[in-house]
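Next, two complexes with chain A in common: one pairs it with chain B, the other with chain C.
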Partner chain A sequence: MENLKSKLQGRILELTNPDKRRIFLRVAPVELLNTVRLLHDEYGFWFVSTISGLDAGDDFEILYHFAGKETVLNLRVSVPKTDPRIDSITPVIPGAILYERELQDMFGVVVDGIPDPRPLLLSDDWPAGQHPLRKDWTFNRPPEVIPGAKS
Partner chain B sequence: MLADIVRWSRKKSPWILHLNSGGCNACDIEIIAALTPRFDLERFGVLLESTPRHADIIIASGPVTRQMKDRFLRIYEQVPSPKFVLAVGACALAGCVYRGAYNVLGGIDQIVPVDMYVPGCPARPDAIIDGVVKLLAKV
Partner chain C sequence: MKFQIPIGPQHPALKEPLGLKMTIEGEVIRDADIRLGYNHRGIEKVAEQKNWIQNIYLMERICGICSHSHATCYVQGAEKLMGIMPPARALYIRYMVSELERVHSHLLWLGVAGHEAGFDSFFMYVWRDREIVMDLLELISGNRVHYAINTIGGVRRDLDESQKTKILEGIKTLQKRSEYYLYIGVNEPSFVARLAGVGYLSKEQAMKLCATGPTAKASGIDRDVRKEDPYAVYDELEFDIAVADTCDVLGRTVVRIKEILQSYTMIEQMVKKLPVGDITVKAPRRPKPGEVVARYEAPRGENIHYIKSNGSDRPERLKVRAPTLANYAATIEMLKSGFIADIPLIFAAIDPCICCAERSVVLVDASSGAEKTVPMSELRRLGIERHKNSPIKRNLAWLY
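And now, the complex of A and B:
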């Protein structure tokens, strides 16, 4: 923990240790790839459990959940809603591409440097620019027809 | 004369196609259970087919998702006429817990005409047998 603090000197926006074997770390979006590389190479956080997103009003908070050998580390990055761009972490962890594609689908966060930006979860005829997990997105449900119903 | 034979054979041995268009798999397990010797839907001559081109009845389970709609219609059009659709489970009837989600269009009857509905979440194998037999009475 202290080691991590000294290694990441100047990059940390917030580093807490709320419980045993839990670390919360917040960095700026530009430092993301370097931080992930450092965690991967020197601390053995090579497994990303998932990437989750949070619509926090004016910005999106993106949480990278790393499962290490002994510790669970949550790396948090905030990007502004007006220009949501984030660097891809696939140069370090190639398997994260699925989560990043899902992030692009659900929140419309543009992941820079992603090798394959196709939609992952939304259907093929999904209109562009619609992101279901954004808080300001509302779903206009198509009307249902009930066969044989009394009108 | 020939039409009578065709009708008789269709009634005595309907071939079914099992199609899940986005459900949770519980109804599929029950449909398979209905075909096993314990419940034995096959005593009515029902044969599970693996291709829509050989089938008479589509047993559909699960709600229709937006992605699945075109594929469902393509499968439906491959089934030779006259074709019958049996909707199994609450999702296939109206969407159940998936109803109103952004990727779900609703029940099977939102895209193709349905001849018989079997409610239940999941439907019991007995109920599925009941539905198939009642559908055969309509054939």
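And now, the complex of A and C:
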């Protein structure tokens, strides 16, 4: 961890170790790809467990959970809700594509440079601009219409 | 000449709904595309509206085969947030159920693999033996599928002496039979010929595409959450990680059988070491604000829950990643340059636990590749038109 601190000098916004084998690290969105590349190449974090999105009021927090041999490193970036854009990490870790597509569907965060931006989980007739895991999204069940039923 | 064929969402070869689109050239698959979302249930959204206790049961319903793994992963995280530590006896019972669940899940898979490979007597043998472990689970928890044994701060049911002897007896029988299956798995010529070399995934590809569980282990990656992040009781138990380096479906079969053999020794150790004491501690209704990442080695691979609490009686965010999603990217790689007849086998080999894909019928014009999506109403109209003038069976005049 100390090693990580010196390597990432100046880029770290926050680095905590709340529990055994858990590290939380926060970087700026522009540094994301470089940090991921560094983690991948020099620290052997080749396995990205998943990407969690989080609606934190004015921002979206995006957490990249990397699982290494000794520890789980959670890389956190915040993007403003007004312009949610983030770089894709697929140039370094191709296996992250499904999680990035999920992030796009559920939060409407635009992932720049994603090789395949089609929706993954939402159905084809899902209205555009609706992102279910945002806190202000609520589900309104459309009235059920039974064809041929008496009114 | 390339064709595109849609497989699923509903297809006789797949047991659960999943949309696949294969680009094929003759019998060879050139490209594959996957579409989830046929039955997306929105559990993460629902979880934000339920309280901490209700969510245990909601999490249990994510999966029908590894129901215990999601509930345990969630409970692990919630306990950490609340700052409580369950008693040792509770942990032993909880993870004993986990290992029994792993045994039943892998035996189920082994049967399905035998069935997909056309070896149906193997399927029947394995599923007969699966009943032993299902009975043990029913004995411990009272249920066959949703054990509902977890609660925040411990487990809900205790074990007595007669149950312990029954578990040990059952495990002994299963161990003998599983060794025989391992022997068959690697020695029966027709079975080996069907599985070897199918669904190749090299170690580099598996690492690049973040494969997990038996899929990764069969490609020679010796990673297991139980070893590298030993939660609860796993640092007190002796076991090895089962790996194979054949990188194909045969390797995945062998890994799974070896993994259940490991589970038997773990269950035996847990029954013998079972400490005395309470099975629950009292949990607070509200945790402190905070966040936690809980990991768990499910039968299909690494299961990870990210839980954030804001100090209220409901979680602020509950992110679930089931192991099957992590393996989809790798599956597409495995399907490429395989044969059409291998699709069910390769798919079965990641042991998919699906609740996803798409919602409408896609018709592909074979000559032009043009696609159109047909809604139900249109299909109905086409059906009526097509059969308007055709004779109905009972009106048919038979010529003698």
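By definition in this document, the second predicted complex is superposed on the first by the 144 of 151 C-alpha atoms of A that agree within 3 Å, B and C clash if a C-alpha of one lies under 4 Å from a C-alpha of the other, contacts with A are read in each partner's own complex, and residues count from 1 in each chain.
We adopt the following convention: a residue touches a chain if its C-beta (ideal position, glycine included) is under 8 Å from a C-beta of that chain, and two chains touch if they have at least 3 such contacts.
Keep in mind that this is a model prediction, so the values were computed, not measured.
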### Task
Have a look at where A:141 lands relative to chain B and chain C in the superposition and call it first, second, both or neither.
first
### Message
Taking the superposition on A as described, I'd like to know which of chain B and chain C A:65 touches: first, second, both or neither.
### Response
second
### Task
Using the superposition on chain A described above, determine whether A:127 touches chain B (first), chain C (second), both, or neither.
neither
### chain A residues touched - chain C or chain B, whichever exceeds
C
### Message
Identify the residues of chain A that lie in both the chain B contact region and the chain C contact region.
### Response
122-125, 132, 139
### Task
Flag every residue of chain C that touches chain A in the complex, lowest number first.
35-38, 40, 42, 44-45, 80, 207-212, 223, 225, 228-229, 290-293, 295, 302, 304, 306, 308, 316-317, 319, 321, 325-326, 328-330, 356, 358-360, 373
### Query
In their shared complex, at which residues does chain B touch chain A?
65-67, 70, 100, 102-103, 105-106, 109-110, 113-114
### Message
Using the touch definition from the top, list the residues of chain A that touch chain C in their complex.
### Response
18-19, 21-22, 24, 46-50, 52-55, 63, 65, 67-70, 72, 74, 93-99, 106, 119-125, 132-133, 139
### Task
Mind listing the chain A positions that touch chain B in their complex?
122-126, 132, 139, 141-142, 144-147
